[in-house]
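Take a look at the structures listed below.
Look at the two complexes coming up: chain A is in both, with chain B in one and chain C in the other.
Presenting the complex of A and B:
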């Protein structure tokens, strides 16, 4: 039987080296040695994705590599999810996410979705080229706390302020994140969004930051329990 | 000198009487300003011609692009027999409903001759000829297309295509090469009728998406194939690739294209260092941050800065860093053009 450290290392490296088989193997081993699914996800798969984020920032990895890493992460995640105990992180997470009408670019959106999946959020993925009113209706239907809007084109982002206005008019407490190459902090502020990520790398970075925060929170809770 | 002569002089690395200036594409802005839709233009060639001519005189770019926003029809023409449809929307260009090329066998099923049989493509080509007839002595008239790498991704689907860069590189090479042949097939009748330039947008080969090695292996050879063909016919190739390509500027020389219009993320001073005197280049006023969000005075300032840094020695074109949002004010668009139109060398 491998040790816990060996399993975590296998999961982490499986993600970094976009090796789906290694991630599946690591996930099965984690279950076999009785590890908590959350620990294997956060200390193994997410740790790997954190390194991938760093490699992206250093321009050693680009989008095709990240997509391969994401596949490897999901390969492990699918096996581990049924073995996760419910975490009490003080965050009730439900998010509506999609690429706005007129835009079929969904790579950045999918990467952000992946990190929400990892963090245990309930994700309502509307896909791409989503009619603007559908974001408003889905938020109301699901009572999600967060809505993420993505656009990669200067010509399609113009739908964003309309969605933000409609959602905020009905429920001012909903947090709205916008993302995609043509967006900026300035635009997010102007349109009344609560956050932004300019491209897939930044979106991934922001999402990793969020999940890393949860990871630390989890570690603190674990330490409190032990202490 | 006419606007056409001015930009051609810059293409040939000369210094014309003023700084050349153009949008890249501009279809959505023109459609909104003219008060029509993609769907209407797809069916009405007369209207498309009138829009291009009317907007050309209003915008005053040196280049007039016919078909901007219709590039997806090039993939549709070959895949509609396999169940792919086109979807028109309130916002954005018409797009494919599906991607049906997954294997080398699927490539073999595509018929390159279908590109010239699609009525919308025929309409855009017809409009290009007629716009050229009306204003081709004054402006450089071209028709737009996706670059071969981007077009290949449109057939396959962007995300699976990116993964195939690793999993099936031979498939990617074959598909991109097929797309170069397809585009040559598309332009051949137009070039024979006197169209002087190919306008190629290759956003999926973005510096923010793929690494320099992937660009060199998959995107560059097909662009070179197109530019070699264009040169053999005596026509120009206008190329735009999105994202920050500052780490691979020498790659543009390898494409053999006449001119590269840079994204706003590219360090234009560095671009001048690498390409100056070797290849015409254009750049790179931010379409959203500056043209959409700033005042006319700030637009003027930003345009002047770019010219000061990169444009004083000729072989340069003032362009936005990408296609422009349709919501940019006419005042800002006018100011952008005025800076170059009034800049005497």
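Presenting the complex of A and C:
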């Protein structure tokens, strides 16, 4: 039997070396030795992805490498997910994500999506060039707490405030996060979005902040009802 | 010296009075479209509207070129893809491909129709070039463009798959890029026959923001060389994003000039490539020309010239919402400062 440290190391290196088989093997070993699924994901797979992010910044890795690392990560994740205790987000943890209409740039959006997948969110990916109303409809259909909008062009970005307004009109408690090169914290504030992040890992941190805010809000409401 | 002479002499590396200010990529403006009473979505589908709009930038602002088309879908469409021009959009949305041609690895072995360059909107763009020449061709340089092989591959198949395969199965990707090079050559020759003054090869998908310099050299450079060799008129090879590490490879493709964007440190590139290389660039068409102040526009133009560009030229398409005051400031500053070096 491998030790916990050995398993974590295998998962981490499997992601870094984009070795899908190693990640699958590591994931099965994690289960065999009775490790907590979340620990294997975060201390193993995600730790590997963090190193990949560093390699990307250092220009040792480029987008193809990241995509292959992501495939390796997903290979491990698929095995580990059924063995995870549901993370206590206090809410369902569902997110609708897509690149807005008129915009086919989706490399960045896909990286953000991956972070949500690892964190155990249920992700509804609408893809790219998504008609604005489709975000509103998908949020209603899935009752997701979070909607993430990506845009890489200053023209397509103009669609974002329209989506935000429509979603908030139907359901003011939905949290909306925006991102992509031309967007900024200032624009997010101006358009009434609840969050903004520069890159994929900050996107996840920001999302977790927003979701726990929602959780507190709901708890308060419950308390009011009882009180 | 009129602007056409200036541009043509530049490509021949003959003496000129000042650096030209032009582009090889789209440069239509909302101002021009509105004055003509056209709609952005319509100009892609009508040769006269396309030509009128392209000519309006030089007529209104004295820009030193006119370029057609405006979108990146020409070759993919000729290969059988359907495009979306967003006919109902209120604002400006650039055309995109609705449905990819290649859906999986097996489908990568495509065959190319012999008359591919007669299909889709290629005849329409050819007609637009003819109209432009008749309209302003005596004084203004007329440009057109084709895609680079990797960027075209990203239009006809899922980019995620293409990127991964360029690592896992480089031979397969190389074979596809070679076929796409044939499509691009056929397109370029067809457009060339309408008599434009120069042609830009836009390989924006192969930037170092996405792809490593190593893969660029092994996979992208050979088909680029093949394409550029076949074009007779002056060529400009453009790549977006980070390019400092790949400019020597861009030169190896042997274009007449290279074009880089704002992420390129042009002073360094100039040092690397020497005084003779034609380097076009490299202001930020959105953050400077659209969103910047008049003063920022002027400052940026001087900086481009000081850093050693051979022509002041935008990092990508000129964004249609450019405020006329900024466009005028750009042209004015180049007239004042462009002869000093």
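To be clear about the criterion, the second predicted complex is superposed on the first by the 189 of 227 C-alpha atoms of A that agree within 3 Å, B and C clash if a C-alpha of one lies under 4 Å from a C-alpha of the other, contacts with A are read in each partner's own complex, and residues count from 1 in each chain.
Basically, a contact is a pair of C-beta atoms (placed from the backbone, for glycine too) under 8 Å apart; a residue touches a chain by one contact, two chains touch by 3 or more.
Quick caveat, the model's predicted, so the values are computed rather than measured.
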item	value
Clash-or-fit label for the pair chain B, chain C on chain A	clash
Which superposed partner A:157 touches (first chain B, second chain C, both, neither)	first
Touching partner for A:19 - first (chain B), second (chain C), both, neither	neither
Touched partner set for A:117, first chain B, second chain C, both or neither	neither
Touched partner set for A:138, first chain B, second chain C, both or neither	neither
Per-residue contact with chain A, leading partner among chain C and chain B	B
Partner chain in contact with A:125 - chain B first, chain C second, else both or neither	neither
Partner chain in contact with A:50 - chain B first, chain C second, else both or neither	neither
Partner chain(s) touched by A:187 [first = chain B, second = chain C, both, neither]	first
Residues of chain A at both interfaces, chain B in one complex, chain C in the other	59, 62-65, 67-68, 71, 101-102, 104, 106-107, 110, 129, 153-156, 158, 182
Contact set on chain C toward chain A in their complex	84, 86, 89, 91-94, 96-97, 159-160, 163-164, 166-168, 208-212, 215, 286, 290, 319, 321
Complex interface listing, chain B residues touching chain A	28, 87, 89-93, 95, 158-159, 162-163, 165-166, 208-211, 214, 242-243, 247, 287-289, 292-293, 322-327
List of chain A residues in touch with chain B within their complex	18, 59, 61-65, 67-68, 71, 100-107, 110, 129, 153-159, 181-184, 186-187, 190, 199-201
Touching residues (chain side chain A, partner chain C) in the complex	59, 62-65, 67-68, 71, 101-102, 104, 106-107, 110, 129, 153-156, 158, 182
